[in-house]
């Protein structure tokens, strides 16, 4: 029962609003094609600048999901 | 005077709202039993997913406090 | 001939028995859907605790396999 | 055209409000003296504590900008 | 409910038998004084040598447990 | 518009000629099955030796591509 | 006999004199409340500056001590 | 004589030709405004992709130069 | 007496049986030519796969031994 | 008041006497051209050898200073 | 058969021509005194600058070779 | 001329006096059997504790020396 196997995919979410929102956007996209999403881990936080301001935040994250047998 | 010694403890705070709130929750809990809290440092940011959404954020942080003599 | 390209996937295997067994479980699962598995590398070793004991070991590993042309 | 050279400076922004705001404060300050800001990357997230609460967040970031010829 | 706070302690377990056993020994010792043990993570694996053989394995691990309110 | 989500895959390219060529080979292979390739990052550079010479270079790289909605 | 378990605590020692003295100060403080101190490891070396000079050195160290049964 | 002080600046050079050329471009640009360049160190190697090909290589490097008194 | 100097060599042991056995094999080989072996530290754990199974485990370790005067 | 922005510069100080002195030399040099120096952090400690002896120690450090508005 | 033990040595190769050539020079030198060279891994890429140009590239690499019984 | 090849060995020096002295002791020992010592780099700083005091400092360092042709 506890001998599950999980797969991890790496995504970069972006948002004009902030870092947490960039994470949420990536998770939302992952949920469209993957089932059994279980956890995420932030790997890198960065962003693009335009006209001296943050045009969008970019957060790289690992997302783990349980593989079905 | 500046020859203080500090101790560092590692905590994981969680929150359903966002990453900053998870940090605040951990600091609030630390303040219940430790005095002279001085600084914190974020070590890891992750979270649990349920039904394709973030059920709670989890932030691991180191918290430093000054030891009294 | 030596100009192959490999892909790496990241998996987490779990086992109630021990760390090596968690690796073997992940490899066994990978072998169900991927061909030409070539090597693995352990990235992280952890586990869940229940009632003060290890309920299952979890080993994160990268698995490399050769892409066919 | 794509053979630009970029310089990276390291800044620490602080804020009483939260981590994203600390990033924005650092970028705003950078924009006062540097042109062609292009990207940033968060390197470290920490903060000072006073009276058991976060008095201000501190985020260290690398900021890249394009050098003009 | 999910807004728990966890504390992490770092331990080194040792064993003459093998690396997994060193982990189990550290967990067993942690369970004597700490409640609500939740997870562990291996940080370092090493050992002492005597007469050209492994006299004991030493595994450094972080152990997380839930703080009660 | 800037709220795209990207996926990252990890590949190892190899080449008998040199390190840059190993990168190019991996990118060429990625382009056969993936669209909207956006960036790559070198993670590791190594190679196999035979008869005291480099028989082929192996470069591990992360390749990011934009996910379509 | 060799199946001891050790605990590691993280401290920051400070000194106006130099880096080694900051280590010694932290160890001296640790010895006031902990028994069976066994080893230390320097994790970070930093310091505060005032009037363009080092006002005090700060060394973060991990200190390991044997737990009694 | 050997008690020199050096400063390190971080640059990203780019090139359509290859990774070494991206390094050379960054050094050439540094030489326009800095004197006594002494060494460089590659910190990161990446690149942009367009139409499934490498449009330009980007190499982040630290460049050290001796400060005059 | 305590002012000994130690040398560290890096080895990769392999085994068809498991990760601990790969460590033991490397130590056994080291003991054939080196005296005063004192400690080891695991640096990397990986392995080769054949027919979808682990054909052998490979563990990279650093082995320290005391130099005689 | 606490919403200051700091800049970090990287320096290498050298000394024939020892590691702490190399740090002090770098700080002294920084103080000639920069104001509001606030903290330093040691990043790397190395040195040059000549005739089998240490000819000079070299310490790379990050130095943070507060930017004025 | 697969239970070989490998030793790893660390070398720095240099070249006036480029980074790959620095690797080849180190391997060529290793081949003069070591047999059964099996693989290499690049650990660090740097170089010396003179007159604002790269006077030579320096690549640190680990070289693994199989130990005979 | 600049196409030299260097070898790096890893040593741990110890001293009852302090961290710099531990480095010097390791270099002195290296100089007994190796020629053309060129540089060193500190990799780790630790020590043993006895009776609540530092019994000896231990510094792990990499030492580079030029190989003759």
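We call the chains A, B, C, D, E, F, G, H, I, J, K and L, going by the order they appear; numbering starts again at 1 in every chain.
Throughout what follows, contacts are C-beta pairs under 8 Å (C-beta built on N, C-alpha and C of every residue); 3 or more make two chains touch, one makes a residue touch a chain.
Keep in mind the model is a prediction, meaning the values are calculated, not measured.
J.: Supply the minimal count of touching-chain steps required to go from chain B to chain J.
T.: The fewest touching-chain steps linking chain B to chain J number 2.
J.: Based on which chains touch which, give the shortest step count from chain K to chain L.
T.: 1
J.: Please determine the option from D-H, J-L or F-H whose contacts repeat those of K-L, over half of the contact pairs being identical by residue number.
T.: Residue-number overlap above half with K-L among D-H, J-L or F-H: D-H.
J.: Once you find the CA centre of chain E and the CA centre of chain K, what distance in Å lies between them?
T.: Computed from C-alpha means, the inter-chain centre distance equals 38 Å.
J.: On a C-alpha centroid basis, what's the spacing between chain F and chain I, in Å?
T.: The mean C-alpha positions of chain F and chain I differ by 31 Å.
J.: Would you please write down the residue numbers of chain I that are in contact with two or more other chains?
T.: 9-10, 19-20, 30, 48
J.: If each protein chain is taken as a node and each touching pair as an edge, is the resulting graph a line, ring, star, complete or other?
T.: other
J.: What chain pairs are in touch here?
T.: Once each pair is checked, the touching ones are A-B, A-C, A-D, A-F, B-D, B-E, B-G, C-E, C-F, C-I, D-H, D-J, E-G, E-I, F-H, F-K, G-J, G-L, H-J, H-K, I-K, I-L, J-L, K-L.
J.: Quick one: which bits of chain B touch chain A in the complex? Just the residue numbers, please.
T.: So the residues of chain B touching chain A come out as 18-20, 44-49, 52-54, 57.
J.: Can you check the complex and tell me which residues of chain C touch chain A?
T.: Within the complex, chain C touches chain A at residues 9-16, 25-26, 29, 48, 55-56, 60.
J.: List the residues on chain F that touch chain A in their complex, please.
T.: Within the complex, chain F contacts chain A at residues 2-10, 62, 64, 67.
J.: How about chain I: which of its residues touch chain E in the complex?
T.: Residues 19-20, 23-24, 27-28, 30-31, 37-42, 63.
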